[in-house]
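A short worksheet on the structure shown next.
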């Protein structure tokens, strides 16, 4: 196991529902003009678990993640993050307090190389000011190298050594998703939000990505909240599942329980009202 | 000081209503001309997403060609027709040489290309017709000259130049015609489709090249009309280039794709500029006309980043 | 085969992160510096120095300044000319207010004023993006130009309305004013430009440069990763305006000797923007290449008719130059929208695999 992994304690294995609370959203509602994206949703995420958020298209899943990491500000409801209650978070605060994410449509920095993209995840942890940067020699260079080491560990972990110096715009989609995961990992987050990490992938790529997600969760102890449409993946990976439909929560619980819920079956298969 | 800023201008406006109305009229005329330049921008931006910096130069170029042809002995109306032909050739050339090879490039590259076009047209215009300012052939084209004075009750009079009235009428006709063209014809519909999404438009069989040539030609015609009106007020020279930049704040106010927006924006800038210059400009030494338009647009943007008629932008990720 | 890096192993991250990790590049840059510092001063004529090298270096520095803002941070600016003007007027005020101070220190200090003003005009960039931001910078351009004309204090109430550079000496050499030797000016300009280019190369490869590029490539993602947009953009505006300000001050102090408001008009802004775009957005080397192209080409074009034995009026030549430059700009945008810097990369790739096509 490499250095990046070593300084993190593995998560204790216990029942997900009993673990320490990491994040809780209470009665959150979000509307754009007259359109209600999220209505009165409450759920929690506990330390060390893999939490899945599922639902049909337009159910408000991505909006929910956007609320959690402060990109959208809900009109009602509160967010409790590590014991602190607040109405809204600023994206900067969310990031500096350990919430990282990947995006549904790959949002990499297209003009930069793989290495620089992952290095960008270290931005918050680097502190040398402008004048040290001007000089480069000395503190700025040492800091850069220290963080480069961590980034190289992530590159090794994700097996993307060969594309280190390739501009990400030229990479195939599956690798871009992987680089994006690497960028989020570089932030050493407490909570990792994954927005459809496997969308558009073939079976093999999905298997790889699933393996990375499980490894991140178990080896680094990172809590993960993920949105995914592939039910097989969701049922296998997640400890608990929350189901949204038309901006409302319709089910919440362990995968098997949710799978059996009548409301969920109706939402997915459709029902005559 | 506070009195000079907040009270005195309004007292003046009340005391001398004839002067105030004259200022409003001047602002209105300037606004119409800004709106006409902005209209040319909007046409091209709507159809191709290109911010055409050369629009201002096209105005000068069209005016120069018209006057230059007449100076060389071509009768006025024939010169007008020939100039329309030249604008057509220019439109075709721009589409063929500039737009087509640059399709799908980022907007800043296209913007740069139109600035390159500006340089080319400036050089070409001066090369062919010489660099000195010219008189517009207003009378030869049968446009009205002279002016009429109106009395405002018993409190003075305002003077309206006939050419300005003609400019306003022509602007209204042109905007109506373009509006009808966009909304009622097959090409107009194709044009709106292209504006929305180039690739989707291509996939249903709309020819981008044809559409672009058409909008550049339409923008050329607008430029010609603007050139005649502007030339009749002052003269035809490359000094107009700086004035053409004012179309940018106009577009900011009105939105880059809205024809009525261009008109309203033009009028706001026209009024704001003249009133600001004549009532407040003196306090800081005058000449504020050169930047007031941008500051108006800037302040406005800070409160409504989406423009006057734009919808609120919801950022998605 | 001419540019092969095979066999050059890097054994530390330090070596891998060097500015020029490849031996051939190091040799190349050494050769360029040698030519710039030794060969040109030894062999160049005064005309070559004053008409070509000094303006080229000044414009290259301005292009680096704009490149920081537009090429690296993605904020389009049309106000470069005015920010250069702020530097020039600030340097003028400083040198006339403190006649005994070192003039080079004053030139470097003048950038601080343009940095402050640039940051103020950068404030709207938090809410305004893309072309809309161009209006903000146009406002800066026309407003500042107006200030240069209407505030007599800025040019010490000169009757001419222009600023004239006073004579200043340093270590026994006259460095500014009409009597300063071209060679002295050249060295000063070269040192400042090369020095700032090196320092910027350092900033751009570190955390701050990366955060600018994050904002440029995807501002929302950057924000969600903890980059504070306002601070980052303002910093780019300030750094960019500082460099442009120094370039503007050098323009009048070491090249023109005198300047009036029209020297810093929107034309200059466009000229610098062209250098950046044609050279390559987001490339320091590109800034030099773009400046060379945009500045040197018209100078050369002026001499072409004479060399061909044609007798053409200067005016006609100027018009033709405009046409040719405009046409060439469009031509190069079509050939390679990413500028000379990308052409150079392609050329290096060709050299690497020569004699095979790939």
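The letters A, B and C name the chains in turn, as written, and every chain counts its residues from 1.
The criterion applied here is as follows: a contact is a pair of C-beta atoms (placed from the backbone, for glycine too) under 8 Å apart; a residue touches a chain by one contact, two chains touch by 3 or more.
Quick caveat, the model's predicted, so the values are computed rather than measured.
More C-beta pairs in contact connect the chains of B-C than those of the other pair, out of B-C and A-C. Of all chains shown, the one whose average CA position lies nearest the global CA mean is C. Summarising the inter-chain layout, the chain whose CA centre lies farthest from the centre of subunit B is A.
Centre-to-centre, using mean CA coordinates, subunit A is 49 Å away from subunit B.
Between subunit B and subunit C, the centres computed from C-alpha atoms are 33 Å apart.
Rounded to a whole number, the gap between the C-alpha centres of subunit A and subunit C is 42 angstrom. With touch defined as above, residues shared between interfaces to two or more other chains in subunit B number as follows: 315, 317.
For subunit C, the set of residues touching two or more other chains reads 220-221, 224.
Multi-chain contact residues of subunit A, defined as those touching 2 or more other chains: 71, 103, 107.
For subunit C in complex with subunit A, the residues that touch the partner chain are 13-14, 17, 199, 202-203, 205-211, 213-214, 216-218, 220-228, 235, 239, 282. Interface of subunit A with subunit C (complex): residues 69-71, 91-92, 94-96, 100-101, 103, 107-112, 116, 119-124, 126, 128, 130, 133-136, 140-141, 143-145, 148-149, 152, 183, 187.
Only residues 70, 76, 124, 127-128, 130-132, 134-136, 138-139, 142-143, 145-146, 149-150, 220-221, 224, 266, 270, 273-274, 277, 281, 315-316, 319-330, 333-334, 337 of subunit C touch subunit B when the two sit together in their complex. Interface residues of subunit B facing subunit C in the complex, by the touch rule stated above, are 51, 97-98, 101-102, 105-109, 111-113, 115-124, 126-127, 131, 242, 245, 248-249, 252, 256, 284-288, 290-291, 294-295, 297-298, 301-302, 305, 315, 317.
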